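These are the structures, in structure tokens.
One chain, subunit A, links the two complexes that follow: it is found with subunit B in the first and with subunit C in the second.
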Partner chain A sequence: MSHLLRSRRDAVLGRWVELVTEGTRGRMTEGEVRSELTELYGLVEGALTDPGGTTAGELRAALADISRSRARQGFSPTETAVAVFALKRAVHENLDGTGGDAAYADFIDFSAYIDELGLATFETYANAREQVIADQAEQLLELSTPVVKLWDGILGVPLVGTLDSARTQVVMETMLQLLADTGSRYAVIDITGVPAVDTEVAQHLLKTVMAARLMGAECVISGIRPQIAHTIAALGIEFGDIVTKSSLADALAYAMRGSGLRVLSGTDA
Partner chain B sequence: MQQIPILKIGRFLLVSIQIDLQDQTVVALQEDLADSIVKTGARGVIIDISAVDIVDSYIGRMFSTIAAMSRLMDAETVVVGMRPAVAITLVELGLSLDGVRTALDLEQGMRLLESSLGDR
Partner chain C sequence: MTIEPAGEMPISGNDDVVRVRQLVRTAAASAGFSLVDQTKIVTAASELARNTLVHGGGGSVGIDQTVGDRGKHGLRIVFTDRGPGIPDLEQALVEGWSSGNGLGLGLSGTRRLVDEFSLESEPGEGTTVTVVKWIR
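== the complex of A and B ==
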């Protein structure tokens, strides 16, 4: 089989490039595909000649690289795996049918080897995709938990999106750290962007407020929309003596009053 | 056993905890503090825990005990400088430090005590 790959190199490689280029549906140029596959072709050839050698390892590494980059570029799993499987078809079309049973058996072996490589590609692809998802989840977590300074001694925590334990933990830590760093006495947690409040979310909020209180700061929860107020009341969640306001502006006004600040209009001054 | 110093500042006592707390140290501190309040006639106690990064439920309860004890002798207790990690731990332990007042730092703690004492 390695003999065939060598002797009919141009024909097989040409057909392989053609098949793969077709499969990428114009997202990669023929030139790109050709340079990628020429390298692979050389490695496959080497691996077949010397199955126990280092070339086999290099081949796997090269395949892993390719499938990782495909995964990041957004290729589908089929499109990625087909690139490997297409080699079988390219080789088959170039068999001249003169070898008889021996060539047939040889082709079966070759086919099994390619299948194995295809599966390895697939596995790397899946791993790469999982990595992408994990990275994105982490970025999302960082993005979605800002703590901003509203005024001297007043911090704002605008929460957007669903609150779960992991997020609340991040919010809680960031907020408490900033309270300590800036010496702020008030924190306004605005939940306008939180789509739903259930007992779990309420529990998280209460814990955050309690922790802030232990540190000597006061938390005001704002942005409780009518539907949410309804849900909270219906669920029987006790917010106890925690100050809640319907809008961020009310909460800010409350915090400013508490810090002994007064807002005057231009004419009063 | 290490001893925790109790300093007098004006009408208040300052306890600054700079070491890892052992149960024995805590017991000794409570006794020393009670003695000092009586001896100095202090009106407030400030416990600075900005250097403490590990707490357990026993130490958590210590604050409440000290606060209750001081109140009996007409002194208010303020815990200042609690680190975020400590606050989270105490909340997770379910301790809310009833009867203890808290402030972010020593300065705010002093101001809190001054204002609550007024000109009594």
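== the complex of A and C ==
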């Protein structure tokens, strides 16, 4: 097979480039495809001549690069794999049919090898995607636990999503640190974005409030929607003397009153 | 009584508790529960899924749409684990009693969130909790 790849190089490579260029539907020029495939072609040739050598490793690295760059250009993983598989057709069309059974066996082996390479591009694509998802999950964890200053002496902690132990830890640490840094007396924990409050979430909230209390700050829990209120009451969770409000605005008004601030309407100050 | 299967999934980590919640929320919303009842059944499922994980060492959950007598529709959720089981069922359902350091409201509170609640447990064999909520 490697003999054929060498002896009919121009014909096979030319046909491969033609097939792949067709498949890109104008997203890559023939010149780009040609330079990419010429490199691959050389590596495939080398890998077939010396299966245990370093060329096989280089070939895989080159495929991984191509898979990544194509993913960035908006190709689907199937299109990338099909481009690799097209080499089989290019080779098949260049067989002269004189090799007999041995040539068949040879072509089957070659075909299996190309299949393997095509699947390798798939794997690279999947791995790249996994990496993106993992990165996003991490960013989300950081993004989803901000502590903001609502007013002098009043902090806001908007919680969105699932409140598990890890998130509570991050929220609690950030909030307590900011309470200390800003000397705030109030912290408003808003749970509008928390879809369900079960006993674990409630326990996390209670612990956070207790910790703030130890630092001399008062926590107000806001954003308790009707369905959440129903559920908390049915579960039998006691919030004790912790102030809870249905909206963030109510909580802010409460904290401002507590800080001795008055909000006046009108233009004259 | 006919049952249409809606989904089944294993519970083996904290991520699965979140997935159970999403699955139950979707099932409850498509079954036509009110927002309050959706939240109640999701919270109950969250509570029981965490029990399955923490006390049962993992297990599985099955969610079915079910039709009761007089043609009322509802959602039935079954949690199964092969964990150590609960030695004293009476005590486990007492309000404020906790085997760990929780609030002690998990099982007793969950019972108030649903319409039907059954708890079967054999020490050393595992635990099965079945809850049903009817659409009002």
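We adopt the following convention: the second predicted complex is superposed on the first by the 217 of 269 C-alpha atoms of A that agree within 3 Å, B and C clash if a C-alpha of one lies under 4 Å from a C-alpha of the other, contacts with A are read in each partner's own complex, and residues count from 1 in each chain.
The rule is short, and it goes like this: a residue touches a chain if its C-beta (ideal position, glycine included) is under 8 Å from a C-beta of that chain, and two chains touch if they have at least 3 such contacts.
As the structure is a prediction and not an experimental result, all values here were calculated from the model.
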item	value
Clash or fit (per the criteria above) of subunit B with subunit C on subunit A	fit
Which superposed partner A:180 touches (first subunit B, second subunit C, both, neither)	first
Which of subunit B and subunit C A:102 touches, first, second, both or neither	neither
Touching partner for A:264 - first (subunit B), second (subunit C), both, neither	neither
First (subunit B), second (subunit C), both or neither touched by A:212	first
Which superposed partner A:198 touches (first subunit B, second subunit C, both, neither)	second
Angular separation of subunit B and subunit C about subunit A, which is computed from CA centres of the superposed model and rounded to the nearest 10 °	70
Shortest span in Å between Cα atoms of subunit B and of subunit C, once chain A is used as the common reference	8
Common interface residues of subunit A - those touching subunit B in one complex and subunit C in the other	none
Subunit B residues within the subunit A interface of the complex	78-80, 82-84, 86-88, 90-92, 96-97, 101-105, 108-109, 112
Interfacial residue positions of subunit C with respect to subunit A in the complex	14, 18, 21, 25, 35-36, 38-40, 42-43, 46-47, 50, 95, 102-103, 105-106, 108-110, 112-113
List of subunit A residues in touch with subunit B within their complex	172-173, 176-177, 179-180, 183-185, 207, 210-217
Touch list for subunit A against partner subunit C, complex	162, 164, 195-200, 202-203, 226-228, 230-231, 234-237
